[in-house]
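Some structures are shown below for you to check.
Shared chain: chain A. Partners: chain B in the first complex, chain C in the second.
Up next is the complex of A and B:
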């Protein structure tokens, strides 16, 4: 392997460590923080201690919920794998509810709040706006999450994460979700207030960094999302208490998906911000064009707001033109944004690698990437799984008419386990390989295992996602404990694909448990790195003058490798998309 | 780099490969957008926009009338009903059955009224894999033309309580 390792400080890029810059920065940091801060032993950046506290606590809770969700996942995978069909039917839906909420809501939201605190303080040399507000948010979120888990375990909320009316759960279920949502809004407020005070006190010069900008995009979408949550959950809570009448089930679905889908856009924006961050930390990449990267984040903010529509494609009540407009115009400009990031992230890495002297041929730079750095592998795998599997399937399944041959089949979980699990969750795992050493100040234990962890998780999720997608294409329904009563209709091959779901699922959970084990063991027993830089995971080597000779060609926009990669991507996309129209043309005419 | 403030004048138009990719991606998004209205006008499989509000009880009554008028047999205790070709047919999802069994003729077009009585259910016609939602309070009219004769299965693919996986119905095409 070609990368540097050992006790060298993490030196992502020359610029961070420019001596004058550092002095000035620390000085500014000192003034801004006036106590309550420390200097990061690795990067020299000032770390606000309040912020550090909340980053730690939110990350710890995130991992706890990830573990609960992961234990549930293994039971689900072993139930859908027909050879085991492990859970009794009522338990399956209880565990599915548990899994959906702990994973999609609690793990993701707690981790995102940690990311918001990090990007608004350390990256801006700023102090967290308010410790009290941080506490309010934390308490609301934790109480809410505990309430929800408690009613689920008590068997009072077997309604799945969508809780579609007229299904009704115990009021504590809705109240818990409302508390988590409000707590998250409070954290988002703390984030914006921190951005404001940092700007006012001039803790940084010029514009905010790209990663903070991405987090800000996520936070803006989160506000709109959580307001939808309030609009739908408050009347439902009130109905469950018997105070008001039953909300209309179709209205419920429309607004619920304003929450459910947009929150996925929050996850995408946060994930992309993490890709940029890890690309910088591990290869020294800088955005080739800040305008393009930021513009793509702005597209997310502007165009995702009505994406609720693509969950309502095969239901009564909405006209075709409404469906086409909202999925097409509004969603595809957000798709455009993802396709832009899918180019700019690898391109920035390629430019960085070439300028370090790894310039041979089209793909020569790939060999020299820091493959032994688990954060890097996680980000890379996240980008591939999100783009090639999650993105392509998502856009296709969300096409108005194609949805007829996909709605509520296993194709849907096949798709979103590639976006929010293979994409977002894996990217968040990657960033944890830096968060733990930098904020808990302990170096990772079992570093060899850490290096393979992202690969195990990615392999498992990919296998499971393929299994689900193929079984779903043959008609197998999602959210079903046992397909035996209907299996003759599906054909015999589905047994094979469901076994694939089981095997992939078990592998993915092993990857997840390994991650949790590594993080917990490190936080508890890892060697302290206080007073010295974190132990480096490996960064891309600079060949210096030896490579400099070869730098010249095409300047900083020469990215042939990335061009080939996006070409392959687009080809796969076009083929899959039209294959689905082809399949649709074979079913009965309907209008 | 992405963790630091960019240089003052960071605004610049895209160049080179990046610019071309943005153009291609935009063009592809437009193609995908246009495919939907195109299929709406020229394709055979489109989701219906025809919906009526109906109370679940009223819908159930209509289904019963429909069954009474058109029943031709029984399958596993569920009435088999043959609607007039080209006419209206009713299908009700409830915990945990699809009611009744429809008997249709290949090549004829039917207006199938789909709704749910108690909870939301998912109409999933197998092995064709055509999926629509049944929501209480809404009469969803699917204008369908069955093709190959045979016995089809209707699976419920929206969670509707512990008996959900048992909610399997039949549809016959002659």
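Up next is the complex of A and C:
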């Protein structure tokens, strides 16, 4: 075992917080309540009680919607697995709508609001700007999400997440989405107002921390996203009420993807911020170059949102200039940012590990990482799945020429399940292993299960993503409940890949249910850690004098292991990219 | 010359969330939304 465990606190500086007496505990609690603060028993950082309340409530709702979306996922997996083909076509669309909205919108947005409140208060030593604004946001989001789910369950919104016109759902569906969007926008306002008051009151010195900066990038991207949501959903709601005429379907798709795809870019920025945070908490890693890391977030803010144009690459109404500009020249600057983060996160971990004495060879530090810490394993698996599967497929499928052989096939969900589920959801699960002990103040139960949960979820989602990608490469369409009408055209081997989708999906949902079970059982029955540090998940061991002889080789930026890993990534990228050009040439010979 | 003015331009940009917010909204809205909206508006109506 390489990582430290037990009751020692998760403090990078190694300082131990001693348990306090009952009287002192009560006294301190009363003082904290009077001032709206408490001191974190693990990190020693101040925790705004208003912020803590909204972090808790938003996290609880996030997990509820994750559970609903997950239960829908298992039905879908057992439908696309041809051996079962569980759902009838009409039910398939209803469940797919339920799955898409809960997983891609509600689970993610509620959790991201919790992240915004955490990064703008605890990390800046600041109080939440307004409890009332927090309540307004929460009520709007909850009412909207409940409305949408109710309408879907009632069978009045079988329009999928995209709800492309001229498909029309019950007006409550659109109104619910508008309420969720406005509620999230209100939470984003609370975040920015907290940033403003923190700077005004000088609660921190210098620049805001990198993790807060990443959350700010997510918040800015969210503003663009939610504005598009309002622009497209208000006239569509009006149309569904019979007040105005039908919006143009192409215009709808243009603006809707300003909501639909950009919301996933919010996830990317928040996920990367979580990677940095977990790397620091579990290994003591510090960004190897803050300016470069922040610069990469700036590239996200400026350029990542234009990637929505991918979804319109086969629209004859849009010009090639618009498509190439938005999916090529500009968008690649955001891809560059992801590759920067994909290097700096593992590089900062390698530097930290080598400075702790784990400097043997190129990959000696990998062996010594705290693999049994579920937050760390979740973050690292998230980075690998996001980069190697989601990132490589995303850039390739987003190339205008290649898109024509992949559009509307299962390759597309094969890509975004690797980014949003294997990437963002897994990273958020990882940070929950700290959020629950630190903010709900209960240590996790069933810790052995918790240690394997990220691996089960990651294995399932990887298998499913591969199955989708390979089946899609053979032409299998997305958003269909079975392949019967075109079975002969695909070939027999496609059944194997669809079985991979089913088995991987079931495995991923088992990992998800395990996560939900762990969180719920911990919040309800976990041992309290009030007055003492949270029980440690395991951090990187500092070898001290034992490892000192190996310190210092190559200086503070000596990262040969990460360089090799990045080389493997770039090689995989090039091979996959040009294999797709070859596949395009096969179906579209140029003579 | 005070310390603030000595900061590199990129650092000043990164320390200014309001400017980042404005640029982060303007660039995608112009590049993706307005340009795309104009293209759709200019598609000639079908005679049929």
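Definition applied: the second predicted complex is superposed on the first by the 565 of 591 C-alpha atoms of A that agree within 3 Å, B and C clash if a C-alpha of one lies under 4 Å from a C-alpha of the other, contacts with A are read in each partner's own complex, and residues count from 1 in each chain.
In the analysis below, contacts are C-beta pairs under 8 Å (C-beta built on N, C-alpha and C of every residue); 3 or more make two chains touch, one makes a residue touch a chain.
Since this is a predicted model, take the numbers as computed values, not measurements.
In the superposition on chain A, A:89 contacts chain B only, with no contact to chain C. By the touch criterion stated above, A:301 is placed in contact with chain C alone, chain B being left untouched. In the overlay built on the shared chain, the residue A:258 is in contact with chain C alone; chain B does not reach it. In the superposition on chain A, A:221 makes contact with chain C only, not with chain B. After overlaying the two complexes on the shared chain, residue contacts for A:320 are found with chain B alone; chain C is out of touch. By the document's definition of touching, both partners, chain B and chain C, reach A:291. In the superposed model, A:570 lies in contact with chain B only, and not with chain C.
By the document's definition of touching, both partners, chain B and chain C, reach A:207. When both complexes are overlaid on chain A, the residue A:250 reaches chain B and chain C alike.
In the superposition on chain A, the chain among chain B and chain C reaching more residues of chain A is B.
For the contact definition in use here, the residues of chain A common to its chain B contact set and its chain C contact set are 207, 248, 250, 291, 317-319. If you check the complex, the residues on chain C that touch chain A are 10-11, 13-15, 17, 20-21, 23-25, 27-29, 31-33, 35-37, 39-40, 43. Interface residues of chain A facing chain B in the complex, by the touch rule stated above, are 12-13, 15-16, 89-90, 93, 123, 160, 164, 166-167, 204-211, 248-250, 253, 276-277, 279-281, 284-292, 313-320, 323-324, 327-329, 332-333, 335-336, 339-340, 343-344, 347, 395, 399-401, 403-409, 473-475, 477-486, 488-491, 557, 559, 562-563, 566, 570, 573-574, 577, 581, 584-585, 587-591.
Chain B meets chain A in the complex at residues 1-8, 10-18, 21-22, 24-26, 28-30, 32-33, 35-37, 39-40, 43-49, 51, 109, 114, 118-120, 122, 124, 126-133, 135-140, 142-147, 152-153, 155-162, 164-166, 168.
The touching residues of chain A, when paired with chain C in their complex, are 192, 195, 207, 213, 216-217, 220-221, 223-224, 227-228, 248, 250-251, 254-255, 258, 262, 291, 294-295, 298, 301-303, 305-306, 308-309, 312, 317-319, 322, 325-326, 330.
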